[in-house]
């Protein structure tokens, strides 16, 4: 059992015929993911690599029973795509899109929170449940089934750690990229709770970075609620204050959100914090 | 026991120092209503006829434990006053204000519906629970305690019927003016449900008018759920189609919302419908 | 408040909706000049705030500028359902391949705006609703969230819009919703929205109705009111802050409160219908009843030559009956009406009020205690005067 | 993207917020002319995108136009924390009775904008937060509902604003929120908002920061970017679609992915700190690694004279290692860097990629299998070159 995804998950891709969407859909299908169709307004009734295309998410849900949607549309269309997925009753929405304006995302976030849908992202690499499904852009071969849960704000840093775990013979239940934007649908705490509740997950790796206080909240949650061992790495210890490091959310502001304070909070919560992400497998042994 | 109000209700007036607010507050206090204070931004700390004035509803609630608010502010400020009352956790909000733009009211309506507050109005005469409290502009002397529940879209028409009931020796549990606007916080159905559930209310009078389908919904509700006898009058049988009759909501559009169809639906539901509002007391005897 | 077609289409154009490049003419010569400028076939459309212009002969084609002048000559000054045509819109004629209905209005029951579309354009939506309700696609709009583009896709699918029109349609719908919201419209309607023979979408006819309660914050829209076309009494009433609607009966009604005003009308019809007698108007003088308001209302009522009797029905709640009585006497002295007046005062100090009226000894004025009595007396009086 | 004070205040003024009627000068003579026009005492304010201008001598009073020219002469061309002053704002001086802080920013944790105010204006809000956090009143704004006027009342109460200022304050706060929303700001700040000696509220200083992700839909704001004041390398990087931040170390980093790019920086510091060695930059080349991107990135990295070694860290996910290797060789051929380069390729086809690099036999290029090894080799190389 993975978290968020299982063998019965039926996945659609919003923006399946777009540049990003078509590329990653093929990769997902190659991995064996149960992609049941896609959505591109105006192309309903056509086909993409044997999968039906619909004009709206609602139509796709009606026809396929889809319960997971991957959003791979450009930023100007992404908030609307999130609203559409929520209003069509999709359980799990994974939004890859980068550069959604923060104020747009705050509105979408509130709508998601008032609904029964769960959102992962935006600006995230998605979810990989090794051997079950790949919903996003993580290269499938880096992972293998196992008992480590991985949750991260980043893309390639996640691959780095997942690959290192796999090389060390430590498979994963689920690898979750929650995204590097200031406003994201699911926090570290949300995912940690799922890992804590998941019987197959025995250990957890958390990969944070500078900016915001999500890692501090995670530390407080771990201290109060987690029984499983957790290892962590926080990127950006060498970053200066007041400058954004690539991710819209990765910025130390007014002395808040430094790597040092996050590392201290996590250590205080009993988390084994790595200086170097390549140490994570050892720390979880 | 009345509906919506009781001896413990603590009432504040938003706009207590305004022209309308001050006039009606004095009348309400004269009636013996438990007015605990008022709100006028900028006048917090001052007094109105021995009642404290606050700058915000929140402050008024903190200081007085108010749970009912009467809104008597001009239309441009009324939606904001409703939002404020909702966000301060007021249980019952009564909005007298006329001429709130419909689109503003739709937004306020949705906010109320997403909250635990109940709204009566806008554009309504308020509530009168004879012998208990008068929250609005109905002249207190027209009513007396008894067992008839009155619910109406109108102002003076309500007085007419309440007065006729009182003259006929039939007192009221509560007289509720739900308002004549197209978008109102509480419908006939909402109030009928309360009367049905109220042990003291034995009979109900409903005063409708042309426009919309609230009376049709009421008929369906009465047929399905009400055990108490109901009498009704529908104003506007002689009104032409397509023209607004004073109230923003009183307009027959596309052949919908005529008095005839409402009367037929009510009769079909077993309601005794009067041709003349002065017949209502007889019909409830 | 309803806007004229030309006003509505000009608003729509401001939101990026394609409309014909026509202009308004108030004289046949102006129509000639516009047709000349446009070239080709034009359509001369009477600008009146009433439906069924086409059937009434208020919309005509003209193949040349000379013909445009002739058609305008015919249409200007026409009376369509009692509305005199003061303006015509001269639009270039379009070659129509398909007609669509598109409208946004407020759905009272749902407390949300609703987007409506139908592939059966060019006929009134109420007509489609009666004959083929399934042809109307409805999509509610969350007033806090606005219109989502996927909703437009649903509507486009629902009306079987050709896919090559979706992008243009989406822009039009977004524009229409923005126009609806920013102008506090109660209705914004394009009927028909046509697909032309060369595959373009264009709003051939347009209709907007503005929420009266919102006019105060849209002075530009309030200024568009066509007072020239509306009955003068309605203009006067609005200026006096009185809610007045002219009807076709004989009993002038003056009432405080809209619900009671409708009820009073209904009572004159209830007791008068068998004699062909009914209400001459709806009139709500609002709260209080000061002499100047009463005078203004009385003058407005009496400006209708059909009025044979006036019925006052005042339920004094806040207002005291004695004050109302004095206001009526003052108004009487000012206006000196010759028709019989029936006055029913109820509520606070009603007896004192009736006593004042009785002692004023006005020959054509009678009082009544109940609404029933008052309506019956008014019907009697009107009968006597007919 | 941060706006200059003069740009921010000009935006604010567009939303009805009172600001001083000053103008911008780029030469002492212009400053003289503006001061002449304004009359009276003026304040000459350096326009740089960095805090602490006052302490650095970048803000000065001038009692006459001559003095204004002299002060502008001093300030123009100054370097404030590495930012050269190219413009000064010449504002009329105000007599300040009280200073307030007012700002709106996005609260990440609450996922809502937050209105902040403090009666301790004129100092940085972070400073107030450290010394007297209770002096800061915070009011969250529902992004679907907007700001309610009662929330402004709460804030006015919270900062003990004199009641005669509430009305003016309310307009300013409403304007600021509208400005914040319509310009997709991440921060809109008035500090100080002053009450003048004659009881007027005026925004003496202003600061806006625009959400970078929203610049695409605000071309007018994007055009306000002060490329003159920012390092040229950052301008080049932005134009090439590369995320680049210059730092002060010796190891130039080129990485795919922001998280891994930070991590790579951290590793150079982890292994280099004891030798005074650290990252020269943050650089994320994004997904894929085509030769032209790699070339552009390499040129940008090498434009920094401090760079003694370059560390490539590419985790080939979607991108294949062999393609990346070829891209690097192409870029190498184009740029011909002389500094040592350490290349760590991991992921899809990484071995093939390393083989290609090895066989290219580039003298100053070494490969590494792990990030640790790569960072250590880069530190070694930089040490050798120092």
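The chains carry the letters A, B, C and D, assigned in the order they are written, with residues numbered from 1 in each.
We adopt the following convention: a residue touches a chain if its C-beta (ideal position, glycine included) is under 8 Å from a C-beta of that chain, and two chains touch if they have at least 3 such contacts.
Fair warning: this is a prediction, and the values are worked out from it, not measured in the lab.
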item	value
Farthest-lying chain, centroid of Cα atoms versus that of subunit A	C
Centroid distance [mean C-alpha coordinates] between subunit C and subunit A, Å	55
Averaged-CA centre spacing for the pair subunit C and subunit B, given as whole angstrom	28
Whole-Å separation of chain centres (CA-atom averages), subunit A against subunit B	50
Multi-chain contact sites of subunit A, meaning residues that touch two or more partners	107, 111
Contacts with two or more other chains, residues of subunit C listed in rising order	144-145
Touch-based graph of the chains, sorted into line, ring, star, complete or other	other
All pairs of touching chains, each written as two labels joined by a dash	A-C, A-D, B-C, B-D, C-D
Contact footprint of subunit C on subunit A as seen in their complex	41-42, 44, 55-59, 77, 80-81, 83-84, 87, 107, 111
Sites on subunit C touched by subunit D in the complex	144-145
Subunit C to subunit A touching residues, read off their complex	145, 148-150, 153-154, 157, 163, 166-167
In the complex with subunit B, residue positions of subunit C that touch it	106, 108-109, 111-113, 125-126, 129, 142-144, 181, 184, 186, 211-214, 216-217, 243, 245, 247, 249, 255-263, 265-270, 278-279, 282, 284, 315-318, 346-348, 370-372
Touching residues (chain side subunit A, partner subunit D) in the complex	23, 27, 75-76, 98-104, 106-107, 109-111, 113, 137-139, 141-142, 152-160, 163, 180, 182-183, 207, 209-210, 212-213, 217, 233, 235-240, 243-250, 254-255, 259, 275-278
